[in-house]
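Each in structure tokens, the structures are laid out below.
Two complexes are shown next, each including chain A; its partner changes from chain B in the first to chain C in the second.
Now for the complex of A and B:
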């Protein structure tokens, strides 16, 4: 039977609006059906897409994966533009270097397309570089789609509901949420150091010189914060054994469970097929 | 000496769509000691950050010593306006108190006797003499806050802006901050401080500016701003006048914003009152 949102008081959920009555601080369904999928379903989609892109290899397989498992869901969720920008930023450094190295230094490349001094771009290198690029896009696209459509707190609550220990769930949540917190902290520290004359707008040397005064407080502050946060958690019974009461958890359904298993089994079949040499 | 001027200054935080400053016109003359008060979100920190270029106006202008701040980099403005942040842990990075205090003046190109003199003087003003080799993280939070103040004082900027300098300080720390401000003022430098501590404000500054929703609603001496005539405006932004002002009013003694002024008024000591 399909299970919907769970609240302490199910009567508070109006039939036509699964989100009404749920305070934002506790949890809130996303704006699109894709957002509202269970976090584990979206995590499974991201993981199987990324691994399948590597297992499939070639250009066609990963390209189809990008279209079917990244572009189409992103368009359905209304996050396609943001996904393209973020995935490009995420993948650009590694994609560019991998592309250039394979284009110019592919071993055994014979069909020269372009020669720049001692190095030559070959057709074989170009083909392999495109394959690598497709895999990187599939991986970065899958991760970005998950990030854009899933709130970390939802994933953690769902994992806790499935029996993951609160300690492990907290580690996952803290890891994900530390990044924006550190970015915000770094912004304030940069402002404080600039106010003391640190020039972060000049030459590259000046910028490099400015790294220590900025990174130092970011790391020291984060370490100090971890200690304080740990004590604050302990003071509120974090280590207490036993079950926790969840005020809210993301919806799940038997249909989604079937979908998750189907994705995992399809990936397993893909790996077995690849290892047995069913295709090259 | 440096004069600060804001003309029809507006700042809008685009992400939140918040109009944090809404047409500020202000002149702070060289050597003034000014307190900036108001409830959270009234625009105090936003205004302070415009003075050294960390924030740029959405419209209007900020003039530092007659020069448009928009034409200067933050590094250039840092030589004119030193800004002490509220949280010292968002700036302390060096392995010793000495290195931390030297950081600002070194960025301004100071060296030799000038650097050593500035460091010695600022450490003394903040009660940190003898702690030169101490790791800043071995100091308590309140002394780390004084270290942050010392590190800006050592830059010897004509203007010093302090963001909530007494938050987290015990009475001794507050006294130390007050003494440091008096020391800066005695050298003819300008001090502008953001504070929620009305007693500290009344006893330390010669001018008080009250902000509400990005606008100046009161601007005058502590006697004027904490006098009974201004209480309605003050309370409209959830601020309470100091206790001495309320007692003085109840006893029909007029405006007595500080304990000293109240005692002097009650004892009829004119000389003491003048001093207070």
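Now for the complex of A and C:
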């Protein structure tokens, strides 16, 4: 079967083509050694830090984790300021509510620090609230550090290289990429609705009323696009079984593999020690 | 290599009546068949059926026979069919994979799915970008392009898969005149290289320039078909909801105004 197609024959690549390799921007190394770690190494660090913070409990363990596995690497990667801002925004709602509830409603709290009407903030509640806060900061910090130093596509390509199914990799990647796309769509719909007289400013009630005509089209529009997007994917061979060709993959080394296993084994030992009661 | 539809009808799942009836259509090597018709005439549905997406992905029921080189493709899975027939839609945003961070990766997405050798993927991707004059976009984020640029990227993604048959549903709907000319030139070049193309278009001027034949659909049936010049000059075209090309309108106006049409024809040819 003749499959030649001269229009797209490599011999007809225009003389001014940047070349036969892939563009430099694809797989460009990150700006710092931490950025350049394999995505799986950074994902392992984030996961083990978050789980270890929960398993360790208390105030000291999670605080050390925040310093050693979040603050220091973030400073090395040059993203400390952005990390602090993003982690604070990410953790603020849950951290604030958890802190206040434990501060004022900790069961068995006896040492009253402050009384506001019928509720009292206790020293025991404050101590427990600080412990919860340390865990939340460790978790949000670890996730934020990973997000700030790893492109989602890099992780997906690396997972695919390791044998994860292309469909699973696509779902992971598309889920991450959908968020900014929906934010952009929401911005466009907001502008369109405001141009038609929708009032999204003023009192809280007005703002709430203004959300409905925006959220509806965003969600319905996304659902309506699913069928056409599915067809476009199918037409491009997405359902073909077997491995895909990869244009590139992030670097990895045996040292990083050892590091990953060390983190996983340390976490496993921590969990076993905690569950067996050998370590409190 | 001929894509042939014989007595094809199609009904969407849950629909009370068919959207296509008795469609006979052949796309031999190197042909460009223009598809026109009023809204809801069945143009997009015919594109879906011809490409195999209906019923494989869309659902519904197909009657009649669709064959490639006289081989019935009824039992072929979509990924096998997609290696022979490419399809492009009018909305560029939904044609992008949403997982590629650069135009290059977006165009390479199809060949990568098909497991094509890496060096062939790279070479084919550059060639597809070059054929539409968009190599400069290779490193750009597809989501940050204009609608017209995205449509060209989507087209390049189809070309990179080296289809033998191409189904294009209003590929220039969001393109400016320069982009439309690029797509028109690419279609003509593909046809010259042996690819058969079914293209739905509202721009009959473009079809007049690139199509070897034109099919007019009305209420799911073929109302008119034949050589491009004859069909696009047919006086029934307007009644079928299709705009006549500017050249046809000009000829008609000239005739009714008593202008020397022989001289006008010569000028139009020039």
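To be clear about the criterion, the second predicted complex is superposed on the first by the 255 of 280 C-alpha atoms of A that agree within 3 Å, B and C clash if a C-alpha of one lies under 4 Å from a C-alpha of the other, contacts with A are read in each partner's own complex, and residues count from 1 in each chain.
Assume a contact is a pair of C-beta atoms (placed from the backbone, for glycine too) under 8 Å apart; a residue touches a chain by one contact, two chains touch by 3 or more.
None of these values were measured; they are calculated from a predicted model.
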{"item": "Touching partner for A:221 - first (chain B), second (chain C), both, neither", "value": "first"}
{"item": "Which superposed partner A:194 touches (first chain B, second chain C, both, neither)", "value": "first"}
{"item": "Which superposed partner A:156 touches (first chain B, second chain C, both, neither)", "value": "second"}
{"item": "Chain B versus chain C as contact partner of A:231, first or second or both or neither", "value": "second"}
{"item": "Greater residue coverage of chain A in the superposed arrangement, chain B or chain C", "value": "C"}
{"item": "Chain B versus chain C as contact partner of A:246, first or second or both or neither", "value": "second"}
{"item": "Contacts of A:178 with chain B and chain C, given as first, second, both or neither", "value": "second"}
{"item": "Touching residues (chain side chain A, partner chain C) in the complex", "value": "1-10, 12-14, 16-26, 151, 153, 156, 166, 170, 173-174, 177-178, 180-181, 184, 225, 227-247"}
{"item": "Chain A-touching residues of chain C, taken from the complex the two chains share", "value": "1, 48, 51, 53, 56-58, 77-79, 82-83, 86-87, 89, 91, 93-102, 104-105, 108-124, 126-131, 135, 138-139, 143, 154, 157, 159-162, 164, 186, 189-190, 193-195"}
{"item": "Residue ranges of chain B touching chain A (in the complex, touch as defined)", "value": "49, 52, 54, 73-75, 78-79, 82-83, 85, 87, 89-94, 103-104, 107-108, 137, 151-152, 155"}
{"item": "Partner chain B, residues of chain A touching it in the complex", "value": "185, 188-189, 191-199, 201-202, 212-214, 216-217, 220-221, 224"}
